[in-house]
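Shared chain: chain A. Partners: chain B in the first complex, chain C in the second.
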Partner chain A sequence: MKRLHIFLFTVALSLMATTVRAELTIEITQGSDDPASIAVVPFAWQGSGAPPADVAEIVDGDLARSGQFAPVARVDMLGRPTAEADVFYRDWRAINAEYLLIGRVSGVNPVRVDYELYDVLRQTRILTGNQSGPASEVRMVAHRVADAVYEKLTGVPGAFATKLLYITVDRKDGGGLSRLTLSDSDGASPVVLLKSGEPLLTPTWSPDARHIAYVSSESGRPAIYRQELATGKRQQLTNFKGLNSSPAWSPDGRSMAMVLSKGGNPDIYVMDLASGQLKQLTRHYAIDTEPTWMPDGNAILFTSDRGGKPQIYRYDLRSGATDRVTFEGSYNARPRISQDGRSMVMVHRQEGRFHIALQDLVTNRVQILTQTDLDESPSIAPNGSMVLYATKQAGRGILAAVAVDGAAKFSLPARQGDVREPAWSPYLNR
Partner chain B sequence: MMKHLPTASKTIAMLLCATLLVACSGNDTNDAEEEARLKAEQEAAEAARLQVELEAANAEELASLEEEAASHGTIFYFEYDSATLTPEALDALNAHIALLHRNTAAVRLEGHTDERGTREYNLALGERRANAVRDYVVANGISSLRIETVSYGEERPVAYGAGDSNWTQNRRVELVKQ
Partner chain C sequence: MPRIIVRPALATLLIHGLLLLSLTLNWGVQDREVVKAKPAPTVINARLVDASEFKPKPKPKPVTKKPQPKPTPKPVVKKPVETTKPKPKPAVVKKPKVAAKPKPVPMAVPKPQPAPRITREELARIAREELAATAAAEQASATGEMSATFVALIQQTVINYWSRPPSARNGMEAELAIQLIPTGEVVSVTIVRSSGNSAFDRSAVNAVEKAGAFPELQTLPSAEFERTFRRFRLLFKPEDLRY
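The block that comes next holds the complex of A and B.
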């Protein structure tokens, strides 16, 4: 067993820097009704040699993907200011831009980005800032600029400087090779963390984004593994008979909820990560699975078919009481909760089709967010603005995203093969 | 132990005992001894012939059970959202159970679902299907120690793509000889 682990660790390490076959492309399919027009002028490069990246293009793409902004095309720009002295508001009023972002990139390593944001109609500068980082992380630096602009204009912190986990499967490999992949929130810079000939499921993040966990059947049956991102070191957390699956970190990072069927049927357990001690939460002959924590750590929502068909239930960790949460439709599963604890996204079946739906946990109103079918694995951005999920397009597995108000949509198909099981990271470095 | 011996063997055992009794019966002349010895030889030959016939009959019976099981295949199918054994599955399983009673094979039951619904729920549903098959086999007298179950959920379809013709093929438990 140990040799197998060393082999897999070596495999994982040797794949840490590969980018082949895991690249996602982005297709924006729908913007919101009334996006704000913003001109993101190409930033000046004040260093020597080739510029490290087109920072303005990265910011532009982030804002466009949110659906709340309609970036001005570069061909339509009447000027290319990179400093305040060169800003002429009439140039931007003429093309109906509401906002203007300009900036300068300097330094080789670290690289630094200085930027200014202008309100064109009020003819005033509304934001000044800078971001720095290692040259190898220049894309992340650009995403942090986009986060600051987004927050200034919407009041909501941006979630562009975040990461995604997902699984790609290339059927050409004989139908069985899965790659657990880490990328930026826009699908760029993919890194394969693990390659396996056996099924991989449910990648998930620790709250501090330093660890991930997932289900792998490499040992012959589903088991839960925890992996440290910086080192690639992994540890098998469970090895019970039957299922070991559906890991979910508690908000305080100290426990992990999971599904074990060693008692005869799948039930929800919580493992104390320091001691390895297990506590059984549900004791029901039905299937109890897909646990997820409420942000205050006081309850766990999960899927159960104890009522006959899968519905979502809530287990209160203080009282031990279990209550049903979903009442609309005959199939509701795979809950995920927004950071403010108010919104739940889930897989909801209507007329035989599987959609992503949002339920307000206060009013219990349910809103179907997608028109795609065979939707699964919803994951909410840490700022609650968008939901990333997996679906099918022309027979291929792709990722897609939809704004929580259902307005903006984009899709992320892989260049090759199927992609599934997305997990949006928490905020990084907070 | 005795009740598991087929009737032919019991007959042979009795014949051997009877032969011994005849051989030790007492003060006969050499002629009678000679007669007894000949009779013993004949009966031993008869016993050997019956033994060969018995083994041939066993092999034939085993082959016929294997053929019967093989004709049903090693895949048992399920209805949508269900882990209930269909009449066809029960028929097939009965044939496999009859064979398992006559051999010492260990088997693995692999549970699968179609692609609809969530992956972790389907992982559990695959296990429920494999367990349903295991429970029926065990209830019919096969030791659970000979049976391993594992679920692949929706992760290992035999047919890719949407639509009933693909989905039906994927809702299955596969019996694999270890």
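The block that comes next holds the complex of A and C.
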């Protein structure tokens, strides 16, 4: 009886609720997706002498390059608060800043950055944090601040505090010196890891970002090397006759896919890194090359011309079956997959020009991301937001990046010589 | 006793049968029926509640058309006079065309259908009801159409200000309760149903905050403002993202 009463009561309540809720509901199913305006106020320097770096400028630059944010120019700022007590929301609302980031830098070694992020429209502080690191890594500290802000506002982890690997080739005297270079994600702080008079090719990262691998011909023929970043210790992994190329670490870090032509023509192999044992995956008279792993480790994508034209195929490691993945256009090559396994970037030829394109692996829709010609070697940021690639500018090889939605683009600062084959690192320290 | 029940029961059965028949037989002629039967009130109601039905672009057209037939927002006094000739109402004729998609047809068709079989008294009663309904429709459609225009305006404004974060996915839903004051100013934005993604929720709230006000609502009759726009909901539900 009591139950019945309760039941009737809830029915009555819900009926009332439905009548009361006869409120107008307007659905919003589209957006304009303009970049959010954010004011990054110069951080206060609380030490003596010159500040180690303009941290706010680095954060500002990171956020701007992402295409998700439109930073406010410093000259437009009506105030320069560095502590909460000095924040007047109306100053920021007046210049249509949606978010406000302020902070303070203290200490020389280690450097410490304290910061606060405010939602100007709702007049609330939405993030407080700090980052610190050795003075030599002050830029990295700033990138980590940008990462935190980016994640808070976009719901996606930032990938600013990451590294890039790339190869530069001097064109002087025809011969050319190759350099394997490591830099910050914004191209700053480049460090040369290896110099060689012979070609260096296809650098790649281990999933823990502690090791790299690449192809070097220093011994007279191409061989795959592994190098520990912290120590510089190197190990030659292959020295087979013919082609040894395109190393690609498995997601668990235990094995490496590669291309070897010791069987007569290029095929995909997988090496167990602990034992050095090789397993041949593809056996086809066509060229199979450029392997890359699906993030779940269950399949390898590669380029093959077995159908007459270069297209991307998927080799299923469990079943051993091979399926074709790309069907749009007569040239699709050099696949790389986003960490969520959903998006594949590749080199795609359209009307004789080579562009970077993105294929949704669920819908198989292909979207061309770049307008330049001769775009090559796409590499996707660990958070899936940007694609780094090599292209030509005034006849010179440079690095450029484009957002996966095609909205934002930027070029990395030019270096001497031609820049090629960029590889975006995984997240560091994870 | 049983006979008393039987007759009305038969009558209702008959009428329902006729209704069904009319529904199925007259399917092809529907559109014309709607135009004649001017079921304006139901059309308007359907639109108001289901705001998703109309897209931001097509809406502005009705705006230009509507004012011609009825420029005054409260034609309450005049309407009964005009109702003697309910058929030629030009505005009503146009409306169903605009809102051809909602299907208030089942309701519209029944009324004219049973006509041949009913008595004079019933006919008179139906006529009276129709007249009353027409008058109400006139009034409701006037404000209703205005409301629809403002709904579209609010929709478009919010779309213009909505910047989705990269973590937004099609199918996410966040519902906000909005409160306005008669100047059109937004005085309160609260999340009544979160998407589960705080960046997405924030983008929705900020879209409304950036809009800040819908000053055009000042031109709305205050009763209509109170009824529809004092408090309303915004359902943020992206459908045009990559995935």
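Following the convention adopted for this analysis, the second predicted complex is superposed on the first by the 392 of 430 C-alpha atoms of A that agree within 3 Å, B and C clash if a C-alpha of one lies under 4 Å from a C-alpha of the other, contacts with A are read in each partner's own complex, and residues count from 1 in each chain.
The rule we apply is simple: contacts are C-beta pairs under 8 Å (C-beta built on N, C-alpha and C of every residue); 3 or more make two chains touch, one makes a residue touch a chain.
Just so we're clear, the structure is a prediction, and the values are computed from it rather than from any experiment.
In the superposition on chain A, A:A36 makes contact with chain C only, not with chain B.
By the touch criterion defined above, A:R221 lies against chain B but remains apart from chain C after alignment on the C-alpha atoms of chain A.
Looking at the shared chain after the overlay, A:D360 reaches chain C, while chain B stays out of its contact range. Contacts of A:L388 after superposition: neither chain B nor chain C is touched. By the document's definition of touching, of the two partners only chain C reaches A:L153; chain B does not.
Across the complex, chain A meets chain C through its residues 22-36, 68, 98, 119, 121-122, 126, 152-156, 342, 360, 362-363, 367, 385, 405. Those residues of chain A lying in contact with chain B across their complex are 171, 175-176, 199, 201-202, 215, 217, 220-222, 242-243, 245-246, 259, 261, 265-266, 287, 289-290, 303, 305, 309-310, 331, 333-334, 347, 349, 354, 374, 376-377, 392, 395, 420-421. Residues of chain B that touch chain A in their complex: 81, 115-121, 123-125, 127-128, 149-153, 155-156, 160-162. Those residues of chain C whose C-beta lies close enough to touch chain A in the complex are 48-49, 51-52, 147, 151, 154-155, 158-168, 175, 197-200, 202-207, 209-210, 228-229, 231-240, 242-243.
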